[in-house]
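Following are the structures in question.
First subunit A sits with subunit B, and in the next complex the same chain sits with subunit C.
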Partner chain A sequence: MDERMGAFRRRGVLAGMAGGAVVLAAPSILRAAPSGKPVKVGATLSLTGFLAQTAVVHKIASEMMVEEINGRNGLLGRPIEYVLLDDQSKPEAARSLYEKLITVDKVDLIQGPYATAPILAAMGVAQRYGKVMIQSSMGIPKLQTYDRAFPATPFGPEPNVTYPNVILDALATFPTPPKTMVVLTSKFPSAQFMAQGMKEQAEKRGVKVLLYLEYESGNRDFGAIAARVKEANPDFLWVGSLGLESNLLLESLRKLDYTPKNHFHLYPAPGPLALSPDGDRALCSTFVEPDEPFLSRPGFKHLADEFKVRAAKANLPYTSIDAQGCGMISEWQILEAGVNGAGSLDDEKIAAWLKKNRVTTVYGSMRFDGPFNHGDAAQLIKQVQNKDWKVVWPKEFAAPGVKLIAS
Partner chain B sequence: MAVNPARDLPRLAAVIGIGVFALLPMAKLPAFYDSFLYLVFFWISLSTSWTLLSGFAGYFSLGHAAFFGIGMYATAVLSAKFDVPFLLTLPVAAAIPALLAVGIGAVVFRLRRLRGELFALLTLAVTFVIATIVLNTPIDGGGGIVMSAVPLPAIMPTPTGSIYALGFVLCVGTLAIAWKVAHSRLGMGLFAIHDDEDVAEAKGVPTFRYKLSAFALSAGIAGAVGGVHAMYVGFLTVSGTFELTVPLYVVLMSVIGGSRSWFGPAIGAAFITTLLYAFISGGEAMIGRALVGVILIVAILWLPDGLVPALKKWLARRRPAIAKPAIVHVAPVVATARPLGERVLLQVRGAAKRFGGLQALAGVDLDVREGEILGLVGPNGSGKTTLINVISGFYPLSGGTITIDGAEIGHVPAHAIARRGVARTYQIPRPFVNMTVLDNVILAATFGGPPRRAADIRDEALHWIGFTGLAGKEDVLPAGLNLHERKFLELARALAAKPKLLLLDEVLSGLNPAEVDNAIRLVRAIRAQGATIVFVEHLMRAVIELSDRIAVLNEGKLFALGAPRDVMRDPRVVSIYLGKAYAA
Partner chain C sequence: MPSVTLLGQALISGVLAGGLYGLLAMGLSLSWGLLRLVNLSHFALAFLAAYIVYELGTNYHVEPWWSAAMVVPAMFAIGAGQHWLFDRFKVNELGSLLMTFSFAVILEVAIQLYWTADFRRYETEYATRSLKVGPFYIPVLDLTLCIVAGALAWGTWLWLRQTYVGKALRAAAEDPEIAAAYGVNHKKLAYLLSGIGAAYAGVAGTFIALIATLAPAQIWTYLGVVFAVVIIGRLGNPLGALLAGMLIGASESLAQAVLSPAWSPIVSFSVLIVILLWDPEWL
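And then the complex of A and B:
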């Protein structure tokens, strides 16, 4: 049975990869322009409110992908009509607007919103109407309990177990592997979830956790925390940070004349940390970067270039495509593959197809047949080198000529 | 019973409206409308609950997110972590914030300095404290609480219908409570507290208890609303629950609709929620938000009192002028003057009042007989107004005793003293500025006098308004009165309480000679009705003409006491106060 499933999966993988490659690589002149009644795809993004800075990246990536897909053959030969609403960064608005999209606007398909709370609010609506919902930013996979909800980012079903081990594997290659560490985390659900996993896995592998500290999300004063880090003086500092928290922490450490030996940051603002004088050799989570070997993936270079142009036009401070933009691209790639693969707009058929087939995305080949519809975990580690982010681990994904550097 | 369109049409509209909205989920409209209307109900309930304390009593709270958030977390924790049925969690979600409000109010409402912006800041701080506790304890701990596994009772055919029904019931319940409060003694007292809390207390309003009741009601409703909303949102985080936008929206909705009106916040909430949903398209999100902001600024600038009061004024202007019914003059309650008796009504013994290092009263002994007019004079700073203030309960005594009819009142709250038959006026009139002349007097009669039917109180109020020469001004706000009329409104309010003892603080100051003559006649008429009067006055002509006895205070002590002409000729009094012998 396992063997048969294995063969079946392999065939699915090959079919999915071949299909994706053909679709992404074929010259547009050879494709038929989509025609007929548009397929309405509805979604909300936090275009206003406290998540708006990130949502603008998603919006750019989404609009880019709608044009891309319509530039090919649309969905089942029909053009996509993207119905985007503003959930104002509020889960209650996300819920009511998904009800609007489904029951009033009568969209054919939906895409997920951004951030865990709006995703969970929207997921309940999707579940009541049996809609497939693909989302890219729910960092706690076990919360995705709806059978037709699919992740567009390869966290894997247990990132709190798998990813800490990726990090510890990388650190183990250092000439002097860390024996002690400090875990700091924002009390943000997905960051805290990963921090607790990091602590547990480190202790299992014999790394002594000298200090585990949680701080309120959005904290601006890291003076006291920095003093405790300096006092602990760990071999490795792991920070479950969001946005500019990492910059603020490193700045506070510098004021104490302390430079952490090795330091990792979970979800920092990529541009500011890379350009910060304190950010050199900082480690960070990623799934893909606009660099080799990823640029060799079908269509990725074109998408990365196009995103840069659009991001510059929208006056974004950091124009390179990052995990947020890639997550949205992946959402559309999965939806396109699911609809065209199932040959239907029927949510049941799309969900069934996705569970049986792999899809080629910017993150590589993804599957959805594991727990919580997650497939393989594909977290990577990147590092700031010469004011730029470079993937450094696992080695096979490292940019050409780039190596993980120990502090 | 005859049909009264002004009374019956709104009731009919309310019944039809409730019926239509109650049955709406049966109409099988797209679920979005259930969901959207739930959010309208949610904001109506929340903003109306806020206005019970902040709009009615003027205690501007920025802490509504705390009570709402406690309700959310009470329901989430009980239902998601302890498997308590969802509906059973709602009373708990209401009770915990209500108890917290009582606890906070029991401390804060005793302190005069914690009014206005300090109260707003304190309630905001409470929000941060509660959020910190929830975040750093197992209540949340930072991971959030997922509600998706909690079963929602099937009140209606669909889940959105059930949530709608719960939101609707809470909304109707909240509006019913707000209506009831606005039309009750509690509401009248809260409106008075809003305008002038100290005067409200002096007129017999139990301000502490009323504020506490309003705060508990406000917080309890917010908690229950939060309980239902936890189910609607599905995933609770501390940052999403205790966010500042909740109180800001609530305040905005109440102010836009009219925060002194029981129905105003509902209009504001419906207006703003609809406005926010009018600009949800991805292409217009930012422009939409900016436009909403501009509309709100314009609304606040043009309609500072809110939409509902503005609409009422507009309707009043459009209504054809109807002939006013003749003012009802009922017979005075005590029609004949009582002779000056020997029974002591007010007894002051060793009355002392200190303000830090300042000894305002340094042991005053004074008896006032029933039916007497006692003139209280003395140089500035001699303690006259302080004595009036300690008798009326505005200040507690630092030492000594004061009794009325033998009952000690030196440490009794002002409202309780008022109910024992002590009424006062203020040197500078302090009417309730947002109440009409009639309502000002009705309030004083309601809280200061003996319990009576509302119709009787109204008739008496009209009588005292006529008695003080203010007939025809019943519907005028105090801002529309001149100083003379405002002074007489003070008298009408005091008289409406049927006082045993009337304390008049420089009621004649600022009046011209003709107005003074009129006022002297009025005070005599009041005494003729049997009241005992203590009055502070600098106008010697009036003091001599009116007083049976004169008490002279100097440096916080009783300096002289006796018949007017004797006291005025006393060389010591001439020396410290008059500068020349008066009426020699």
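And then the complex of A and C:
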């Protein structure tokens, strides 16, 4: 029985990968244009409010993917109609809007919103109506308890354990591996979750955590925090930052004439940190970058180029595709594969298909049969080198000639 | 136990950060105290100024000080224009709260439409310069901000107390009818004061562009703490606003140095409650 199931699963995996690769690689001219009644796909994004910086990236990626999929064969041969609403970065608004999308707008399918709190709010509504919900940014996988909710980003079921170890493995290759560290984090839930994991894993591996500090998300002044970091003078500084918090912290440190020896930043605004005079050799989390070997993945180069054009047109200061944009692309790739694979818009059938098959995404091949519907963790580390982000760890994902540089 | 160096550095950082709170609070305090208008759009005007300084600096390579020379008069005009609306629609204190909130939201959307919601950071050579005094570092930009804020606060305080216009404004705020009987044209003076308040937002915006993060939603970041500063510093008192800003800034910073940094946001309101309960004579 196990063997038969194994064979069945292998076939499913191969079918999913082959299907995904063909869909991504084939030129759109060879495919039939979708026709008939549109398939309505509803979602909210934080188009305004404190999360709006990321939503603008998600919106561009989403609109690009809707055009991409419609340029192929749509969903089941029908064009997609994307119904996007603004949840204003508020979970309570997300909850009401998903209710509206399902009951008033009568969407056929939904996509998840951005960030853990709005996702949790929307997930409750999705569960009530049995809708499949694919999301790309819930950094705390254990909270994804709804069996038809699927992650589009390969965090793995326990990123608070796996990712700190990826970082510690990378640091262990330094000529002088860090013996002490400071963990500094925003109280933004997913950042705080990862910070606690970093502290625990570092201590388990014998790295002394000199300071563990939490600050409120949106902290205005890093002067005193910088003074504490300087006084602790750790071998390694881990920052659970969002947006421009890393830039502000590094500037505050420089005002004190202090440069951290080695420093890692969790979710910074990638452009400003890479271009900052203080950003050189900064380490950061990622899953994919517009560089080799990732550009060799089917269709990724085209998507990265297209994103760049659209981001420039939208007047974004940093136009390279990043993990946020890739997360949204992956959401649509999974939805497309799920619907076309199941041959149905029925949520139960789509969920069942996703649990049994792998999907080829910008992140590589993803599976959804593990705890909380997560598959393998695929976190990578990138580093600012010459004002540009380069994947440096694990080594097999580094572009030719690129190496992790210790400070 | 934190070292003396850490405490001293935290105190310096806090006082200097409080200079921005004070600078933002000054215009708000003047319009609330002397015109009885609570101008929530003050924060949006400051950020609009910051975005313009960013735009001029990043895309046209205009030095921030030259940008300020253009932005501040423009903000004065916007402030005076805004007062025309208050006057035209006979807006009262509560009405001003609603009207300026709407104005702030419109400005936020306009900023987002033009500059997008993405983060903006104006990188300048000034951002990380510091003076070293003993074991302490004093950021030059933050120090400049405090000197400018101090000069404006002191100058405005003197202007309100020593000049006819200042005295007339204070008299009109106390009792508009009696002041009018003495020939005070409160309406005209109100335009001037509204313009000055908005111009101060322009000055604050110039420094925000240089030291802080720009994103449309950041408009609301300073709202709570600056309101606490305005109330602690007493309405219509620019010197009080600056000193209260520095008090709050120092308290927040010391909390970050001694306790957990996560405690700092509650410090401003804790200080406000303590001072309201205490109600010291000297304040």
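The rule is simple: the second predicted complex is superposed on the first by the 397 of 407 C-alpha atoms of A that agree within 3 Å, B and C clash if a C-alpha of one lies under 4 Å from a C-alpha of the other, contacts with A are read in each partner's own complex, and residues count from 1 in each chain.
In this section, contacts are C-beta pairs under 8 Å (C-beta built on N, C-alpha and C of every residue); 3 or more make two chains touch, one makes a residue touch a chain.
This is a predicted model, so every value here is computed, not measured.
When both complexes are overlaid on chain A, the residue A:T48 reaches subunit B and subunit C alike. Of the two partner chains placed by the overlay, neither subunit B nor subunit C lies in contact with A:K349.
Applying the stated contact rule after C-alpha superposition, one finds that A:I225 touches subunit C and leaves subunit B untouched. When the shared chain is aligned, subunit C comes close enough to touch A:P272, but subunit B does not. Contacts of A:R281 after superposition: neither subunit B nor subunit C is touched.
By the document's definition of touching, of the two partners only subunit C reaches A:A314; subunit B does not. In the superposed model, A:E251 makes contact with subunit C only, not with subunit B.
Once the two complexes are overlaid on the shared chain, A:R205 sits clear of subunit B and of subunit C alike.
In the superposition on chain A, A:F188 contacts subunit B only, with no contact to subunit C. The residues of subunit A shared by its contacts with subunit B and with subunit C are 47-48, 187, 214, 216, 218.
Of all residues in subunit A, only 45, 47-48, 59, 84-86, 88, 90-93, 95-97, 99-100, 102-104, 116-117, 120-121, 123-124, 128, 143, 145, 187-189, 192-193, 214, 216-218 touch subunit B in the complex they form.
Interface residues of subunit A facing subunit C in the complex, by the touch rule stated above, are 47-50, 52-53, 55-57, 89, 187, 213-216, 218-221, 223-228, 231, 243-244, 247-248, 251-252, 254-257, 269, 272, 275-278, 314-318. If you check the complex, the residues on subunit C that touch subunit A are 2-3, 5-6, 9-10, 12-14, 16-17, 108-109, 112, 114-121, 123, 127-130, 132, 137, 139, 212-213, 215-217, 221-222, 225, 249, 252-254, 256-257, 260-262, 264-265.
Those residues of subunit B that touch subunit A in the shared complex are 30-36, 38-39, 42, 132, 135-136, 141-144, 146, 148, 158-160, 229, 232-235, 237-240, 276-277, 279-283, 285-286, 288-289.
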